[in-house]
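Report on the structure given below.
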Amino acid sequence: MRRIRNLMKTPEGMAGFGILATLILVALFAPVLSPGDPLRIAGDPLLAPFVDPAFPLGTDRLGRDVLAGIIHGTRTSLAVGIAAAIAAIAIGLCVGLAAGFAGGLVEEALMRVVDAFQIVPSFLLALAFVSVIGASVPVVVLAIALGAWADPARLTRAQVLSIRERDYVAAARVIGMHPVEIAWKEILPNALPPVLALSAIIVAAAILTEAALSFLGLGDPNIVTWGSMIAEGRNVLRSSPSLSIFPGIALVVTVIGVYLLSEGFGKTLAGSEA
Amino acid sequence: MSALCEIRELEVAYRGNSVPALTNIDLDIHAGERLAIIGESGSGKSTLARTIARLLPAGARVRGEMRWSIGQVPLPGRDLGFVFQDPSASLNPVLTIGEQVAEGARRHLGLTWRTAYERALDMLERVRIPDPAKVLKAFPHQLSGGQRQRVAIAAALAAGPGILIADEVTSALDMIVQAEIVSLLDELVREAGMTLIFITHDIALASGFADRVAIFRDGGLVEAGPTGAILTSPKDVYTRALLASHRDLSTPPLIREATS
Amino acid sequence: MLLIVIVLTFLLLESASGDAVDAYLLSIGGGDATVAQSLRQAYGLDQSMLARLWLYISSLSRLDLGWSVAFDRPVLLLVLERLPNTLLLMGSATALAFGLGSALGIVAGAKPESASDRVLSTVSLILYAIPSFWLGLVLSIVFAVQLRWLPTSGIETIASGKTGLTRAADIASHLVLPVGALALIYTALFLRVMRAGMADVWALDFVLFARSKGLSRSRIVLRHVARNALLPLVTMLGLQSAAMLGGSVVIESIFAVPGFGRLAQEAVSGRDAPLLMGIILVSAVLVICINLVIDLLYAALDPRVGASEPAA
């Protein structure tokens, strides 16, 4: 709780927290804010925005409400972004800890696998994965996580390696602490902060990757996402550019919110260390 | 010898600190002398050095006066050279030694790069670096600690300043190298008729070559005067304690058991 | 390491429920089981998984990347055809972003917390948050549709018969928008990295020493601070190369540039496993090569790399 209060002291933290809190509320209350299926045909097609109060942001080619799409799209972007980041960090932590502790051949083998995943462009990997398995939300989450886990893994292992040699770990060993206890109490809490700092970037990247995947038509076809809305709008780009512009703005605001929050976190962490 | 600089009621505080690093300092610096500023950690001696050289960090508050007899405040590089404690940190790792020694001369003496490099070679010879032509093209990580400190001295003196401030320049070096560096500084300063301000915590080292000493403690000036006078008849209790706690090989051991 | 990439990708593509033959049959309006069977035999798709893996690896050693079912051509040729366009696109975007980003980063980092720094930091934050495909669309709307200054798609005007300089100019005008979209976003990233690097270097002692020598501000900023902050930026360039290659997929798709990324999309829609494998493999090789070049560049910039014993 104290951390959150500290966070609110920085302007970035406050702004980021505000944006994300609003978005989370919108996502949670989407059915209330905009009842009904956002993919249903609600009105006349291609209504311009800011003209009809019933459809503040207009409608698309099939007459679907743009505002409803944006509100419901919040759920997908946030859910996929956060879930993929958690998955990537979880996998990365496990592999990194295992590599850092095991050493020897196991470490070598694991790091080669990490190398392989870092060399292949993560978007291509996600693309291939979704195309092969089929497009649904869990698959998209896993696809993004597969492309993103390598960096946290590498970072965790580096942290483990450096902390392992520090004086306070040697001291713990000297007084006879069990290796697993050392891992849990001494190493993990100190290895965590840099990895957590990375997490905001992973969330942001995951949100953008999900948007790109659904833009290319590889997202879940049964739900509305901002990426698919932009793709839809592309068909009528010359006549109704607003269809592509509004979901894009929503994406930009979301990602900015994530970045601001992480900058706020970074400043409070730095402040507490100073 | 006339007063090169008169410091009156100097008070310095760093940003964010309510307790000042220096309080009420009254000190004269005489032209051409070798002045040793002696004190333990936190005494404010480095702060004084940086205030004189105008190298304080942003936001530091300075009150009081520093009157200079040369008419204007000395400019770092041109009138004033500064050498730091840690030679590894003083040198830019990606630039050659030659460039780092020559750049000061080029800026303040208006030399072309070619002439500045010749001057750099000359400076390296004066600080007794072996094989100076090769070192000109070398990088800092290729030299030892003692050599890096010599290079730093050469770079600080490249533009021919009249004042040299040496801030704990020997503290990071081995004993034998310390003695070499000190004798080098002494020689350079004597040759050029420079004023030397030598900051240290080691009173024995300073007493070996300083004309005057100034003792600092907790941000205040304890006493100042000619070296011989201070050493033989210190006026302040603290100075006496400082002298008494100096150790060398003839001092009795701290722990009784060590003698057997 | 490449071997791991091969094996893993192969396993991944194996888990597909339908294969290239199914997709092909779908695209030609259906066919019966015998046709499917004979096709599979012809392409060797009816053998066991391990056998096919072995076959693939051994043919790789002969630089044979397999046969694309959707295009009915060797994968290697397809890749080599499309690669130059992507390299041109990526290379220009990277060069532009690096130059602009580091220059602006130096301006921002020269005076941390100043007005120019805050403005640049805010702008870079917003730019970096923009999805590249959306930026591409917006730029397309503004410049190609509304203003009609630039063409909307393709890499050159088809069948124009232009050669030499006029052709180069034609290609260039087609590439302005896609390169611009990619470059703007990466400029934001490089700006932030350069600025952060400079903030770190300012705190180091040798900068204080440079100040004590009374050097001019521009020399301290450029030759001392920026020159050192360049190093983490170059490292970042290497780390981003894989991401940039992936990013070219969407940009090429929006602007219909016939490049490597677009080929990936076509492979996906054609369920063309050999082509997809070939693309992933070649990307991995490309990233390795780029990283090698970056490593050489870094070694040239940092004299401490590969250092042996002290000279004296």
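Letters A, B and C mark the chains in the order given here, with residues in each chain numbered from 1 onward.
Here is the rule we use: contacts are C-beta pairs under 8 Å (C-beta built on N, C-alpha and C of every residue); 3 or more make two chains touch, one makes a residue touch a chain.
Quick caveat: nothing in here was measured; it's all calculated off a predicted structure.
Asker: Mind listing the chains that sit against chain B and also against chain C?
Answerer: Chains that touch both chain B and chain C, as defined above, do not exist here.
Asker: Give the label of the chain whose average Cα location is farthest from that of chain A.
Answerer: Checked the centroid distances; the maximum from chain A is B.
Asker: How far is the middle of chain A from the middle of chain B, if each middle is the mean of its Cα atoms, in Å?
Answerer: 54
Asker: Taking each chain's centre as its mean C-alpha position, how far apart are chain A and chain C in Å?
Answerer: Chain A and chain C have C-alpha centres separated by 21 Å.
Asker: What residues in chain B touch two or more of the other chains?
Answerer: none
Asker: Mind listing the chain C positions that touch chain B in their complex?
Answerer: Where chain C meets chain B, its residues are 204-206, 208-216, 219, 223-224, 227-228, 231, 301-304, 307, 310-312.
Asker: In the complex of these two chains, what residues of chain B are touching chain C?
Answerer: It is residues 53, 55, 75-78, 80-82, 84, 86, 89-95, 103-104, 107-108, 130-131, 134-135, 138-139, 141-144, 147, 152, 155-156, 158-159 of chain B that touch chain C.
Asker: Within their complex, state which residues of chain A touch chain C.
Answerer: Touching chain C from chain A are residues 112-113, 115-116, 118-125, 127-129, 131-134, 204, 208, 211-212, 215-216, 218, 230, 234, 237-238, 241, 244-245, 248, 251-252, 255-256, 259-260.
Asker: Would you mind writing out the residues of chain C in touch with chain A in their complex?
Answerer: Residue list for chain C touching chain A: 1-2, 4-5, 8-9, 12-13, 15-17, 125-126, 128-134, 137-138, 140-141, 145, 242-243, 245-247, 249-250, 253-254, 264-265, 268-269, 271, 276, 279-280, 283-284, 287-288.
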